[in-house]
Every structure is written in C-alpha cells, then in structure tokens.
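Presented sequentially are two complexes of chain A, the first with chain B as partner and the second with chain C.
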Partner chain A sequence: MSAIKVRIHRLTWQWIAQIEDAVWPREGPLPASSKIQFLQMHNGIGKTTTLYLLRSLFTGIPPDPVTYARARYKGPKKEVGKSKFSVDLEIDGRPCILGLFLDTESCEHEFFTVVAGAGLESGWKPPHSFKKSFGNNPEFAELFLFDTQQAGAMTESLPAHVVDTAIREVARLAGVHDLITKGLDQIYESKIDQMGEGDGQRILTRTRNAIAKLEEIVKTRNGELDDTKKLVSKTQVDLTDAVKKKGELEAESALREKLETANERIAKARDQLATHTNALYHLYLEPSNLPPSVWSTVQEYYAKLDDLRIPELIASEVVDRLLEKGICICGEPLTQVHQKHLTAFKERMYGADVVQEIFSIKNSVKEATSGAGNVETVIEKARGAKEKLDIERGVYRRLRGRLTGDVEKRLKLLDKEIGDLRGVESGLKDAQKAIDCSDSSEIDANPQYTGKAFLATGELSQTASDYDSCRNLVVIRRGLRQLRQKEANVQGVARMRMAHELVEDTMRLAFDKVMRRMKDALLEEANLHLPQLQTTGMRIHSFDEGIELVDQQGVLQRGANTGGELSAQYSFLMALRKLGEIDVPIVLDNPTKGLDGTAANAFQTRLPSMFDQCLMLIYPLERAAIGDLVKRADHLATLHRADEEVSGLAPDGRAAVGPVVVNEDDSWFVNYDPPRAEV
Partner chain B sequence: MAAKFILTKSAKAYFDKLNKASATGSLKHDLEEWWLCAQAGLVANTLGGDPEPGSKDTVEYFIKSLEPAQARIRGLLLMRHLERVDAGGMKRELLESEMGKLLAASDTKLTDHGVKLLNRYASAGFELIRDEIGSQSDLYVFMLEYDSLIKRLSAGGVEDTTAAD
Partner chain C sequence: MTEFSLKKTISSAIGEACSEHKDRVDDAKILRNVISNLFEQAAEGDADDEFVNTQINQLEPHVLESDG
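Right after this comes the complex of A and B.
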C-alpha cells in the first residue's frame, strides 16, 4: 500500500509569464490511465515558472523574488489582470485544488485551497498526509518537481540534509525524528511543570533557569552548526569551481608551452629555409652553375677557339727579346726586313699578363663542369624547408586560436582564491568540529571547545553562564542532562527522568537502525539504476554524507559532470520511489538537458516506468532527443500563440501576438519548429 | 683610375627593399647583387644603357665571394662580346684584337671597356629582374623566381631588348 498517492489532474494559468489565460488539459481532468504527458512551449512562455510555482503549491512556501520576476506577465497584451496559478490534484483518492493569487509587482501572494465540500478557502490547506510530506519541506518536493538545469549546475551531489529528509519522509520516519529531537523533551518538561512546586523551590528555580539557558545555548549552537555546515558546503562548491577553472586554465597554460614549442619549430624551419636560400644564391654567384644550355655553349666556344689556336700564344715579350738581341730563333742575324716583319707581328700580340689571362679563362671554362644539378638539389631542399615551415605555421595558428588572453594572471588570481578558500574551509571545519565533535578524548584535548564548562575538579559546571564560552554540543548536552537530573532529584522525579532518557536513547537507537537499513537498501537499489544511465563506471558509494560518488577505480569524487550528476540524482529518485512505495508524480523541466546519448536513451526507457505520472515540460528542440518517449506518451500538448503556425510565426511571417492557447493536436506537437533562439 | 663595377640606383633600391623585408636571409654585398643582374643580362645576351645618374660605384675588383668564379665571369663576358662582334665568323685577327680590347693587367683583369661592358649587361639584367620577377619581400621567393628567370632566358624565353651598342 502506498504511503501517499498524489496525481496532477489539471494546471491553470492566468497572466503568468507570457500566458494570458490557459487551462491544461483543455477539457476535463487528465484520465487516470494517462502516465506520460508532455507540455511543449518555447522558452519564455512559462515552462520553468510553472515548475517553480508548483513547488510553492506543494510546499506552502511563498515564491521567492526570482519566481515573482519570472511569473510577471510579459506577453503582448496591454491590459493585464490579476496573476493566478493553480493545480488540480488528487491526494489519496480525494480531489484538492491548490492555488496562488500573485501580485507580481509588490511580490505579494495569497494561497487558496478548494477541497470537496468546503469550497474555496483562503490559505494553504491540503489534506494532512500531503501537508505532512511536503509542507515546508522544499528539499523533498524538489526531488519530484525536478529542475534539470538547476540539478545539472550543482557541482556537488545532493547534500546530507536533503537525502536524510527524503528518506525520513518516504520511510514515514519524520514523526519519529521530530519526537526524538523535540517531542520527548517537551513531554518531559510539561510533566515536570504539572508536578508543581515543592521543597527546595529556590534550587529548583535556579536549576530550571540554568536548564532554560543551556537549552538556549544548544539552540544557538545548533543554528551555528547549521550555518557553518552550509558555509562549508558553499565554500566547497566555490573551491571545486575554482579548482575546475584552474584545471581549464592550466590546460590553456599547457597550450602555451605547446605554442612555444611550435614557435621554436617555426624558427628552426625558417633557419633551414634561410640556409638553403643562402646556398642557392651563392651557387648563382658561379657562372658554371648556369643551366647546361648556357654553360655548355660557353665551353664549346672556347674549345673551338682552342682548335683554331686563337689567339696565337706567343707573348709580345718574346718578339721584344728577339728584336733586342737581333738574332732569330734559328741563330741567323735579323735583317732590317725581318725586324720590320717582327715589329708588325708584335703589334697584333698581347703582353704576357693578357696571354696568361686568356690561358686562365680557357682552362677555368674547360675544367668547370656544370653545377646546374647542385642548383636543383638546393632548390628541392629549400622547397622542402618551406613546406615544413608552412606546416609548423599552421600548427601554431591552430594552437593560437585556442588560446585566450591573460592566462598567467588569471592562474595567479585563481591560485590565491583557492588558497583563501582552503583557508576558509579549514577554519569552518575547525569551527564545525568544535561544535559537533563527539570524541571525548578529542574534546578533552581542545579546551577551546569547552570554554569554562569544566571546573578545576574535572566535573561539569552547574552554572549556566559557564557554558557561554562552550562551543561543544556534546558537553553542553551533558551539562543539560546533569541539570535535569538535578531538577528531577530536587522534585523527586529521578525515576521519571531516567525513564525519559531511556526512552529517548532507545528511540534514537531504533531510528538510527531503521535509517541505516533504509540507506543500505536505497544504495543497493540506486546502484542498480545508475549503470543504466551512464557509462563511466561511476557508482554511489554511500548516502551517509549525502550522495557520495566513486569512480570506476573506487576513488571518491566530489561531484560529477552535468550528465553524471543528473544520472546520480535520477537513480536516487528511482530507488526512493520504489522502496518508499510513494505514488507522487514527477515533473521534469528540460528533462534531457545535460544528458548524453546513452543517458538520454536510458532515461527514456527506465524513468517513466518508475512513476505513475510523469509530466515533462520541454522546449521544441528537446523533442528530437527523446523521440521514443514522445511516441509512448499518451498526452501531447503545446502552448503557443493562437495566431502562430508550426513555423513559430504568424501566417504573414511576423511575430505572433495572439493569446497563448493549449493545443492538444499530436501532429502540431511533433511539427512545431519555432525560430531556434531557445537553446 | 680604373673603371668600377656600378650597381644602378634602381637596382640598389630594389635589393635594399628586398633585404629589409626578407625573413629568409639577405644578399650580403652590393657586388653580389650587381653580379646577379649582370649574369641575367649575359644569359639573355642583352646589353643595357649606361648606369642612370646617382648610381653607386662599388669596387674595381672581384670581392672574395666572386673571386673563385672571376675567370669564368670574364670568360662568359668575352664569349658574348666575341660572338657579338664576329657573328660566328671566327676571324682570327678580329677575335684576337677584340680580346685585347677587353682584357688587361688590372685587378679585374679587364680593361675599362670590359668593366663598362659588364656594367651594361648588369643594367639590362636588372631591367629583366624588375620586369619579370617584380617586387619581392622574401629572398627565398626572389631566388626561386631568379632561378625560373634564368631558365627561361637560357631557353630564349624572354624578348631581346638590347640597347644600341
């Protein structure tokens, strides 16, 4: 038998977000057989607003300023009526309407309730079972009225108080918990009061004043403990965030190192290119390296001159010597005629320098083989170097494109922030430990935990003011217990006091055992679901400190990515739903946001079967990711403007301005494709 | 005073611009730039005019980087000149006389006429470089283009624009 059974039958909006006046479903309540419903609207119409207003109606907690701002009418109509939102529910088989009148300008509200036979009543007055489960219990309600975006944005999984609250609710242990933490003490106090005054009235009054004072201190310390835990939690979230950012920046920093390497490779490639270019230009300082067609022509020309013995290779100095001696090379004296011939012959002759130079030219041309091949080799090498340079430049440009500015500066700032946050976290944890430490040897070793609560004799003080400086709750409670014992003794009710303490201890023990069993069963069940929703091998390690996750290697993780977080929370919810036997509808806003393909597929096949009613608020783009689920849904509706076509525009191509209507046509639902500004 | 090799004003400006912008090295000496021009002119067998006013005298000898090639440079010059004056007739007297006009016992082993002739080839060669290669900002690209130009000229691919001798 279900602990509680709730079903959503109808939603009504008046002047909410962009909705003027709409009712879903259009005719009558939703059939009891309907399990999966889709409400489709593009962003801004009022999807998330609907979810948050439902949370207010489930918990009786007024909307927060953000929800007021969301709910304020922003549609095209000039004259606006009073904002109203209500939900028709069936709670344990009985109909009940919960609603809200909203003044979105002044942020004022008025709850109203309609139950059978009583008509409309002001205030939030659902049936007792509903009130007990959801009333003033946002953590529990939010598990079913699920904002995927908010859950995905969490950097840490569900905290302990949310998990514990949910387990207490589904296990119906909330009342027992209240009894242990508050109720028993109240009963005991009232019994003591009933016993009236007796002897030792003065001692009794003083003792009672001390008790009251210590109770006040316990309350204060509990408040401080809650605040400190919240601050620790927030600091850890900030710290995780900063570490994550640092990781991203370090990756960028690593990119810088790669850039430096790429730069060095560019410089090296450029040096190589310069070396080959230099070699090429030096080769062109040598004429024999000219193309063979040129250089062989030169060589052939000089060979021809050689063949023709041009020029005559006798230097003019030889003739000078013959003329000077007056004797021919045959030994005969030169006649005048001979001398005249030789003089004329000499005029056509060069000096020894020129003759030598002609020799030199001829020889150097003949001996120099063509170096054109060297030119081609060097050009090939230079082209190769240029290609390498272009490749390295491409690598550099691609790396550069991934880099953002001021990385080093931002890393330094983040390092400082992380250092500061770690300091804050450590300080807060010390402060928390001072309050909730229960290890007596540790308490004894830290006098700052106890202040003046202990006397020089080692006994606890019975003077209330000595506890002002005591931080530790265990010590204060011991002092309180001692004072109550004294009070009981003075009144002669020691036995009752003992009985009270025995009952309290026994109930606490029993409660802890039940919670332990519930957590173990939940853990087993949730870990059956989690592998279906993700493929990373992540598991839930324990629910003792909220949801604690471990990776495939069993290493504890502080939170996971969006898909991982959602998968863990969905798994917890599925397990809770099964073990708690609660029939509560789940309402999901943007259900697939953050889920990858595997998780989205698993989500479609597993989640709906776990709930008797699953209402999904989606935007059109999301439809494609959950096509299978859309096919299995038994109610599809779209909220759109009356003059809007499936294209998202009015027939004349302009923006639609008609009132928002509820369209339950399936074909319209699957074809709706407004301009995509909504991602 | 012996004649000097002359890098024309335009050529000097052209190579200064190239050297300044190039990321793959630069041409180190004016005379090397002059020779790349002269070589192009000699391969094309094209003579230019006298260097324009404001052109820069360099030196009257072959610098170290050109020293090993100087005999072949003179050889190329001599061949072009002899071909031009003899037109393939291979007349001994004419050729021997023309050799005497170009070669001398100077540092360059060239007469002033020989140096001036080389300067005219350099002038024509630069015109070819400027027209065919165009303005360049990288020595690597310039040298590839130069190589391509020399190959085209060797194959007779560029129109002869010889100035009056």
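Right after this comes the complex of A and C.
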C-alpha cells in the first residue's frame, strides 16, 4: 500500500501568463490508464508558470513575487478577468480540486478547495495524507514538480535536509521523526504539568526552573546549529564559485601558454618566408630563369657562336704549335717573316681565359633550359609561407583578445579568497561539530564542547547556569534528562520517566537504523541509474550530507555541470520512487535541458517507467530530442493561439492574436512549429 | 539489487533497537509491541498525546530500575 497515491486529472487556467481561458484535457478527466502526457507550447505561454503554480497548490505555500510576475496575463486581450489556476487531483482514490485566485498586480492570493460533498471552500484544505506529505514541504514537492533549469543551475547537489526530508516522506517516517524530536518531550511535559505537586516543592521548583533554562539553551543551540549549517552551505557555494572562477583564470593562464606557442609559430613561419624569398632572389639573378620567351632568344644568339670557324683558343694553340715546330700547316718551313707575323697575330688575340669563359657560357647556355618553372615553385612556396604567417598572426590576435589582463594577480587574489573560505568553512564545521557531535569519546576529548557542564567528579552538573558555556547538544540533553529524572523522583513518577526515556531511546535507535538502510539501498539503486544518464563516470558517494558526488577517480566533487546535476537528481528521484511507498505524478518542465544524446536516450527509457504519471511541459524544439517518448505517450496536447497554423504562425505570417486553445490532435502535436530549414 | 522492502526494514530495525535495550525491561515483547504501535501510528500521523501516554503506561510496569 502506498503512503500516498496522487494523480493529476485536469488543469485549468484563466488569465494566466498568455492563456485566457483553457482547460486540459478538453473533455473530462484524463483517463486512469494514461501514463505519459505531453503539454507543448511556445516559450512564454505559461509552462514554467504552470509548474510553479502547481508547487503552490501542492504545498499550500503562496506564490513568490517571481511567480506572480510570471502569472500576470501578458496576452493580446485588453479586457482582462481575474486570474485563476486550479488542478483536479485524485488523492487516495478521491477527487479533490485545489485552486488559486490571484491578483497579480497586488500579489494577493486566495486558495480554494473543492472536495466531494463539501463543495467549494475557501483555503487550502486537501485530504490529511496529502497535507501531511506535501503541506509546507517545498523540498519534497519540488522533487516531483521538477524544474530542470533550477536543478541544473544549482552549484551544489541536493543538500542534506532535502535528501533526509524526501527519505522520511517516502518511508513514512516523517511522523515518527516529529514524535521523536518534539512530540515525546511535549507529551511528557504536558503530563507532568497536569500532575499535582507533592512534597519537596522547593526542590521541584528549582529543578523545573533548571529544566526550563536548559530547554532554552537547547533551543538556542538548535538555532545556532541551523544558522551554522546555513553558513556552511553558503560558504560552500562561495567556495564553489571561487574555485570555478579560478578554473576560468587558469584556463586564461593556459591561454598565455598558447600565445607563446602561437608566437613561436609566427617566428617559424616568418623564417620560412625569408628562406623562400632569399631563394627567389637568387633564382632571379640566374639568367636562365628568365621566362621561356626571353630565354629562347638568348639561346639562339649563343647558338650562332658555333658559326665561327676557328675559335680563338684553338687558333692560339695552333699558332703556338706552328711556332714551336717551325713548319707551316702546308708543310713549308716558316721563315722569320712568317714567325714575326704569327707572333703579332697571337698578340692581337683576346686573352685565352676570356675566350675560355665565352665558350663555357656558350655551351651552358646552349644546354640549359629555362628555369622559370623553378621560379614559379619558389614563388608558390613563398606565397604559402606568407599565408601561414597570416594565419598564425590571426590566431595570435584572437588569443590575445581573450586575455583579460592581470591574470596572475587575480589568480593570487582568488587563491587567497579560496584559502580564506576554506578556513571559514573549516571553522564553521568545527563550530557545527561542537554542537552536534554525538561521539562520547570525541566530546570528552574536547572540553570546549562541554564548558562547565561536567563537575570535577565527572558527573553532570545540576546547576542550570553551568550549561551556559556548554556547546554540545548531546551533553545539554543528558543534563536535561538528569533534571527530568530528578523532577520525576520528586513527583514520585520515576518509573514513568524511565518508560518515557526507554521509548524515546528505542524509537530513535530504530529510526536511525531505518534511515541508514534506506540510504544504503537508495545509494545502490541510484548508482544503477546514474551511469546511464551521463558519461563522465561520476557516481554518488553518499547521501549522508545530501547528495555527495565523486568523479571517476573517486575524488569527492562539489556539484557538477547542468547535465551532471540533473542526472544525479533524476537518479535520486528514480531510486526514491523505486524504494518508497509513493505514487505521485512527476511533472517536468523542459525535461531534456542539459542532457546530451546518451543521457536523453536513457532518460526516455528509464524515468517514465518509474512513475505512474509523467506530465512533461515542453516547447516545440524540444520534441525532437525525445522523439521515442513522444511515440510512447498516450496523450499529446498543444496549447496554441486559435488563429495559428501548424507552422506556428498566423495564415498571413503575422503573429497570432487569437485566444490560446488546447489542441489534442496528435498530428498537430508532432508537426507544430517545425524547426526552420537553414536559408 | 536485492528486493528492498520498507516494511521489513522498519520491522527489523525496531526488532534490533528493542534487542539493544532489552536489559531495561523485564519483558522485551512488551517493548517491541509498544515501539511498533508508536511507529505505525506516528507514520499515519495519528500518534496523539492520549495514544502515546497509553503506550508508555503499558510499558511502565515493565521498566527495570537502572543501576545508575
């Protein structure tokens, strides 16, 4: 049997956000067999407003100013009526309507309730079981009326009081917890007050005064404990922010390293450009690298040098031979006249070196082909080097633009801030421990926890003022118990007092054992879901201090990114639903926000199967991310303006101005306002 | 994971807690009954003063004087 069974049957809006007057579903209540429902509408029509107004109706807590602002009618109609929102519920098999009249201008509200047989009544008056679970319990309600944007924006996973509250509710231990922590003492006090006063009036009065004083100290310490816990949470949020900022700055620091690398690349590209430019210069100095049209003319000129019949060099050698032998090439001996003539001829000739050079040039020119192709290659290389240089300069400029200056200085400041915050956190945790430590050996080892509560004999003082300096609640409560025993002795009800203490001790012990086992079972179950919803290897380490996450190396981490936070909370919710005796619908606003492909797929498969009713409030673009779930849904509805076409626009392409209507046509749902093709 | 039963978990936790305090009563069954009744009624939100006092009165004759 469930602790509570709730089902949403119908929603009604009047002058809420952009909705004039609408009822979902249009005809009659939602069939009992319907498990997955989608309500699709454009952003701004009233999705998130619906979720937040549902939270008010589930908890009986009036809307906050933001919800009033959201709920204010902002549609095209000028004549506006009174704003009203209601939900038809089935609670433990019986119908109940919870509603709100809202004056969004003056931020005033009036709850109303309709239950069978009683008609409409003013005020928030749901059945007892519902009131007990959700009444004034926003933390519990928010687990089921789930705002993904809010959950994803959390810098820290669910805190301890939310986790503990949820476990107590689903395990039906909330009443037990109240009885142990407050009820039993109040009942005892009230019984004692009713008893007649016996002998020892003076002792009794003094003891009762001491009891009253110690009760006051317990109240003060509890207040201090709450304040300290809040401060610890706030400090942890500040610390998370500072660590996040440091991470960003370190990324900036990494940017500097990238800048240095970019600079090195620029220098390298510049060197390459210089090398290619130099090569090009030398190529231009080489005549054969002239363009082919010019080079062929040069070749032609040198080719004509072949027409010279006796090259000077040969002539010079021939003359030397003739003079040496003294015989002409015709065989006749050379006379002195001939010798003189030949010597003069030789002297008139150009130097042999010059001739040699000319012949060499002639041959190389004749053999060489135009090197213009080489020039083109080098020009191409130089151009490539120039482009690379430009790219590297661009990279450098972009990196430079991302630097915000004074990174090192700000990193040092943040390091100091983080150090200070860690110091504050540690101090606060010590202060918290002094108050709520329950380990007796640790309490005994820390006299600052106990102040003057213990006498030199090791016994607890029976003088109330000795507890002023005592921080530890366990010690103060023990002192209080001692005084109550004394009071009971004086009144002759010692045995009743002992029975009362035995009940309290045994119930507390049993309660702690159930909570421990619930947390262990929840941990095991939640860690079956979590790996399916994210790919980072993150796991839930414990529920002792709220949801504590560890990364894949097992290192404790504070909070996670949007998808991680969402996955952790969904996993907790799934585990809670599996283990607890609850049958409550889950309402999700923008369910896939922050979930990537893998997580969105796992979400579609796992989450709805955990709940008997799953109502999802989505905008048209979100539809594609959860296509499988849409196919499995048994109720699809679109809230759109009456003059809108399925394209999401009025027929003339202008903004639609007709009243918002509930359209339950499946074809409309799947085709409504499709993503526009890229122009 | 093994099938988790909330009812069994609560019942066994009450049994263990009573067992740990059995030296404070002359009849452990009475303690167990009283604690089970209180748990059940408190879970339903119906553990009013009268009910709690009735349970404590039922236990009172069985409480043993402590040495301290």
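Note that the second predicted complex is superposed on the first by the 480 of 679 C-alpha atoms of A that agree within 3 Å, B and C clash if a C-alpha of one lies under 4 Å from a C-alpha of the other, contacts with A are read in each partner's own complex, and residues count from 1 in each chain.
Rule of thumb we're sticking to: a residue touches a chain if its C-beta (ideal position, glycine included) is under 8 Å from a C-beta of that chain, and two chains touch if they have at least 3 such contacts.
The shown structure was predicted, so the numbers you read here are calculated from the model rather than taken from an experiment.
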item: Chain B versus chain C as contact partner of A:Val298, first or second or both or neither; value: first
item: Partner chain in contact with A:Leu342 - chain B first, chain C second, else both or neither; value: neither
item: Chain B versus chain C as contact partner of A:Ile61, first or second or both or neither; value: neither
item: Touched partner set for A:Val114, first chain B, second chain C, both or neither; value: neither
item: Which of chain B and chain C A:Met496 touches, first, second, both or neither; value: second
item: First, second, both or neither for A:Val80, with chain B first and chain C second; value: neither
item: Touching partner for A:Val424 - first (chain B), second (chain C), both, neither; value: neither
item: Complex contacts: residues of chain B adjacent to chain A; value: 23-25, 27, 32, 35-36, 39, 42-43, 65-66, 68-69, 71-76, 78-79, 82-83, 90, 92-93, 95-97, 99-100, 103-105, 109, 139-140, 143-144, 146-147, 150-151, 154-155
item: Chain A - residues contacting chain B, complex; value: 270, 273-274, 276-278, 280-282, 284-288, 290-291, 293-294, 297-298, 301-302, 304-305, 308, 310-312, 348, 350-351, 353-354, 357-358, 360-365, 368, 375, 379, 382, 386
item: Chain C residues within the chain A interface of the complex; value: 1, 4, 6, 9-10, 13-14, 16-18, 20-21, 24-25, 31, 34-35, 38-39, 42-45, 47, 49, 52-53, 55-57, 59-61, 63, 65-66
item: Chain C partner contacts - residues on chain A that touch it in the complex; value: 3, 128-129, 132, 171-173, 175-176, 178-179, 183-184, 187, 190-191, 495-496, 498-500, 502-503, 505-507, 509-511, 513-514, 517-518, 521, 524-525, 528, 578-581
